[in-house]
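So that you can tell them apart, the chains are marked A, B, C and D in the order they are listed, and the count of residues begins at 1 in each.
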Amino acid sequence: MDLTYSAEHQAFRREVLVFLEAHRHAAPKGGGAAQRPSAEAVAWQKLLIAHGYAARTIPKEYGGYGAAPDILKSRIIGEEFARASVPPGLQSQGISMLVPTLLELGTEEQKRRWIGPTIRGEVIWCQGYSEPGSGSDLASLQTRATEDGDDFLINGQKIWTSTAREADMIFCLVRTEPDKAKHDGISYLIFSMKTPGIEVRPLVTMTGHGEFNETFFTDVRVPKSQIVGKRGQGWFVANATLKHERGMLGDPGQLESRFLALAELMRTETAGDGRIMDNPILRDRLLRLQAELAAMKFNGLRVLSASANGGDAGLARLIVKLQACELAHQISALAIDALGELGVLYESSPHLRAHGGWQQAYMFQLGLIIGGGTAQIQKNIIAERGLGMPREPKLATDWGRL
Amino acid sequence: MDFGLSSEQRMLQDAVTRYLSEQSPLGHVRDIAAAATPYSPDVATGLADLGVPGVIIPAEFGGMGLGLLEAALVAEALGFSVAPVHFAGAHVMAPLAILLGGSDSQQRAWLPKLASGAARAAVAVSQAVEGRDGVGVVARDGWLDGTALFVLDAADADLFVVADTTGALHLVAADAPGLTQIPLTTIDKTRSVGELRMTGVKADPLPGGGGRTTRRIIDAGRIMLAADILGAGTAMIEQAVAYAGTRVQFGRPIGSFQAVKHMCAEMAAALEPCRSLVWYAAHAFDHAPDESTLMACHAKSHLSEVGRFVARTSTEVHGGMGFTDLAGLHYWFKRIGLDRQLLGGPELVRNEAARVQGWIAV
Amino acid sequence: MDLTYSAEHQAFRREVLVFLEAHRHAAPKGGGAAQRPSAEAVAWQKLLIAHGYAARTIPKEYGGYGAAPDILKSRIIGEEFARASVPPGLQSQGISMLVPTLLELGTEEQKRRWIGPTIRGEVIWCQGYSEPGSGSDLASLQTRATEDGDDFLINGQKIWTSTAREADMIFCLVRTEPDKAKHDGISYLIFSMKTPGIEVRPLVTMTGHGEFNETFFTDVRVPKSQIVGKRGQGWFVANATLKHERGMLGDPGQLESRFLALAELMRTETAGDGRIMDNPILRDRLLRLQAELAAMKFNGLRVLSASANGGDAGLARLIVKLQACELAHQISALAIDALGELGVLYESSPHLRAHGGWQQAYMFQLGLIIGGGTAQIQKNIIAERGLGMPREPKLATDWGRL
Amino acid sequence: MDFGLSSEQRMLQDAVTRYLSEQSPLGHVRDIAAAATPYSPDVATGLADLGVPGVIIPAEFGGMGLGLLEAALVAEALGFSVAPVHFAGAHVMAPLAILLGGSDSQQRAWLPKLASGAARAAVAVSQAVEGRDGVGVVARDGWLDGTALFVLDAADADLFVVADTTGALHLVAADAPGLTQIPLTTIDKTRSVGELRMTGVKADPLPGGGGRTTRRIIDAGRIMLAADILGAGTAMIEQAVAYAGTRVQFGRPIGSFQAVKHMCAEMAAALEPCRSLVWYAAHAFDHAPDESTLMACHAKSHLSEVGRFVARTSTEVHGGMGFTDLAGLHYWFKRIGLDRQLLGGPELVRNEAARVQGWIAV
């Protein structure tokens, strides 16, 4: 149990601090959102790549910084950027999911063509995996790619395609071999969102915002060369990508900042006779959440350490998504309760607290509990892979395999 | 001895449910939710034809003269259909305030109009539930000053029933000089909640409108909100069960998976006893005055807790579809979310239940 | 919603009160426990039968009182005996389970021979259903009855045979047709516990008490005539009996008395600076339980009313066992928590409160959550029978069928 | 940076676990539980050979000189095996009290004997956790009078560390005139808890034994109880998973049913992060004094809640077998039940956590 950083890592932290001090004035205001980045953000991203604070481990020949992987250095970068409230490098599905996939399984041509522009924020991607009929059972997807000379013709529908409206390109799972077993008939294609036959419709969610889309394909023509991996191996290729998505959820830093905002709310807001914090029942709930948060935070450190040391924390890693999403949801629930009647206000209402963010978060986090493998799928994974319990025939074999 | 509904009671509830399923389907709810004011005059008119605005108003004033149990059954039906109309404030608390606290002339002036739906009343008693800095209405010599938040059924009101800082009640005409109405936007676009700002507003005090009357109308309002949650929760479970029966993943309807099945069973097991609790609380309001406040508190707080669980779990059963606007399930989710907080969240209400029983040392 | 009793029922209640006033001096001290009743208890039972306060609806020719079923009168008897703290009629598995079964499916000879002595407390029965390998999956039971002339020879083992040590007789499920499908090979036998080859061993539970037994059969010889119903129809016969057991759990009167004891504990016991009731967090938990109790109590009235009116409350009835057992368990949990360190004391310890009953109840009620169809089986039943959800292949078909 | 155990730490824990699995199997636990005194001298001797009594006692006094994290690892191993021996009071809180508050001569007199296992100490600080009518020890001029309940590791003690009503600590010899020892029977027959009655008992005050030392030893004790729950909970989940893998109903291992699988997953998901919390709380006790009390409170309260859930759920997974004495699972169930309440139940402990953070208005 050594919670101090090595001399090398301490020196690295100082470097980051020096960089931040020198360059923070150049940081974009809005941060690296999912949409198409501003010119300012693209310039900032280039600066970060040049210093190794973005695209850090991506080889130089593909436009990255080319450093050796060091999970602690990545963490230090994240910590210091967060502490300084300086936007980190761009975050997008292209960067977090497509780029690692290409690095692992793309052709040399694909790597050279797509990785550089993607990490620089010049090309925006969206993900075409889920379909209305294929959620937990993703491998049952029905979007068809039929051969037509040197092309595929794609017909079908995807859902949950966030950023589809802004995206230049899509990485997409399609069924190329309908006669094969469901996992074996899928291919992984990349193609332009400008291709004729693509229609994107915003998908409004319970929060009232259109964070996602539905994307429809009608005779969309894609050259066969735009396949990643081999034909029929798309499921295998996608797994490489999904691993990366899984890791994005349950960041203890985000949980902590939500918790601190809640504690601050309870310390400052009054209700009835005094501060909300003086209500012993609500305070007791706050303390329960604080203890859980501490447990999740240290669990995160344990997972990180294991990974930094080349190991795998097993169960401690497998439970993160389930527990972190639930905890985030409970933090928002307490905030709403603590606000009493004020807790129901939303959008641009007078007397709104935190811009309605607690209700927004309460709903969005329920979406996170469901998305990326529902809580039920997570429990199957924990039981089967974490505890070695027997499989139920045909249940959750797909997510469970990831 | 019969702990259950009479055939007349069932008929009343069925009539409202049937009317709403025909005239206020989800598409209509969506339209109202997207409009500026979360209130459907058309549905309100249709419900007035069924007598809903006068459900608890005595026949001598043109109402149906029924009890709070019948009102709760209507509330449940409204919650079941997330009907975008007034009820707890306009058709239960306001007329009750005038019945219990109003003078003969006040009753004659307002109750017939409220019963027919010709006039609408809103209720501003939030500060009697929980004080809040900068909020409160002070009465002096028949004039009101101050701010009231979370006015129930505010949209389109002709009359406001307003509690002052002493808990006494006043009638205020919507067009009274010095009165400003501000709509409050909440998560729920099917129910209207507002704010009133008053600067030297002429008020007509209810002579019997002291703390006891305020207590009674809050009890009644809480039972109505509980019944609304009951209806909304019932609808959510029905939708979850139906969805689980048709949605196929891994080659089976997801409702055949034990995890999904047990989620539905847990919802039903939690909600079903609530039905009896709401019935009894409403019955006790009229027939067992000693238990009335305690049962109103229990109904409100317990339904709020169970409602939150049902809202969340039925959404989970729907998977991603539950999170989208496509299924529209979120209208019920938000209705339950609103009902939970109005007239006091569960912790606050349970604290009152402790006081009523003398469990809190003074 | 009419919570008043009819004139007839009010008159009946007065009759009961008059009886109690006149005869309460003759009531036995210990109450009608499961063990062999005392002479005093047997005499009391005879008096109750004579007045129709026990064995009320059992036909006169079999030793009962012969009244028409009236669920409200039964309830009035229960209420008034409880209010007067006078022990009601004997309660035993023989009376609650065997007698209804014989009435429904026994031969005339069986009814005449066994019902009278059983309801009078002269013959004590135990139940031989569950086996170590057959719990939730009761129909998989393996105790064999093989033919030997006019007899069966029984070999095998039963578990959870409460009162087996005191019992004169057992009603027992055995496999007579091992080649048939599992539900179709079972027969229902009744035989004496004095038969050679029966060994009873106490089964100690987590409470530290031996409330149950294991019963072993080695070549136990039982005449074929002692079958109830037809050979191979034992599963059907047992279902008639199990229905009655199911109804015994989740009595709201018992729940209420546990709750009142808890509230009294919190009003009178002090901890730290004041009464436990002055602790807002514990008090809030108490109030949550009180609301749930109210819901369960009125739900019980609703189920009762439906039944009295010849109907069935459906879902409201199906959820009772699950919810009531859980609520009882939570009441005990709060009592333990409210007592703080004192809550851990047990048995004959100094400073013990309520004779250690809260801890005892906390464990015993966990047993009730498990027994008589586990919580998981209950949820299957609620989902499949109450909500009409699709069955999972081969799961819980047995309990679910009852 | 390495948030994890060193190989030495793993070896220590493995050694204790291995010893207990060989020398204190369930059969031995049963024997001790059935005996008059819930304490196994044989196992205590074996653990003394491994150095357990001196785990936190500095080498100069003959101990292992390790930190509280190592002590927590031992506590976890003891909980895993429901070992019927002393630990939190005798081998952590008592030596810590003497180390932090004792004079040189007190340290020299007692620490070597405690480290070797030649003497055993018990700890009476319950009244510093929560007062109770009729309980309390008053110190006057070196003499103690009164009653102390819930003395930890009371059986067979040679020495008692006793807190008085001011929170100051005293050493009392077990054979001091005027001292009466009364065993308290709890649900858990694997741990010894006692009562002390004192009438004019000569005490040896710890000069540094003020409130701060008492606070420290309570923090340490709570972390040990949390670690005990962690070990016991881990064992219960392992047993539940193993049972579910072998128990067949409806022609399948019950562990293949989603309901059972999810019960196990929920237990593991709740308990696994607790491991890191306990590690960190123990680490912070030695290395992050500012966070020490808060983390001790969090570890104790959170493990108590998770422990109750695991104890109940793993019993349910075992079905009827979990309720019997046959599987012996109840020893763990009761151990967790005892740990939960000792040194303060979760609500009380969370309230302290709020105070430490200044969240409670004075």
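In this section, a residue touches a chain if its C-beta (ideal position, glycine included) is under 8 Å from a C-beta of that chain, and two chains touch if they have at least 3 such contacts.
What you are looking at is a predicted structure, and each value in this text was computed from that prediction instead of being measured.
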(message) Taking each chain's centre as the mean of its CA atoms, which one is most distant from chain C?
(response) A
(message) Per the definition at the top, count C-beta pairs in contact and tell me whether B-D or A-B has more.
(response) A-B
(message) Distance between chain B and chain D based on Cα centroids, please, to the nearest Å.
(response) 51
(message) Please tell me the distance, in whole Å, between the geometric centres of chain C and chain D computed from their C-alpha atoms.
(response) 40
(request) Two or more other chains in contact with one residue: find those residues in chain D. (result) 252, 257-259, 262, 347, 351
(request) Could you check chain A for residues that touch two or more other chains and list them? (result) 280-281, 284, 376, 379, 395
(message) Quick check on the complex: what are the chain A residues that touch chain C?
(response) 280-281, 284
(message) Help me check something: in the complex, which residues belonging to chain B touch chain A?
(response) 126, 129-133, 149-150, 182, 184-188, 193, 195, 248-252, 254, 257, 259-260, 308, 312, 315-316, 319-320, 322-326, 329-330, 333-334, 337-338, 341-342, 344-348
(request) Using the touch rule from the top, collect the residues of chain D that touch chain A in their complex. (result) 1-6, 9, 69, 237, 241, 244-245, 252-253, 255-258, 261-262, 264-266, 268-270, 272-277, 279-280, 283, 287, 295, 297-299, 301-302, 305, 347, 350-351, 353-354, 359-361
(message) Can you tell me which positions in chain C touch chain B when the two form their complex?
(response) 1-6, 9, 72, 263, 267, 274-275, 277-278, 280, 283-284, 286-288, 290-292, 294-296, 298-299, 301-302, 304-306, 308-309, 315-316, 319, 322-323, 376, 378-380, 382-384, 386-393, 395
(message) Give the list of chain B residues in touch with chain D in this complex.
(response) 257-259, 262
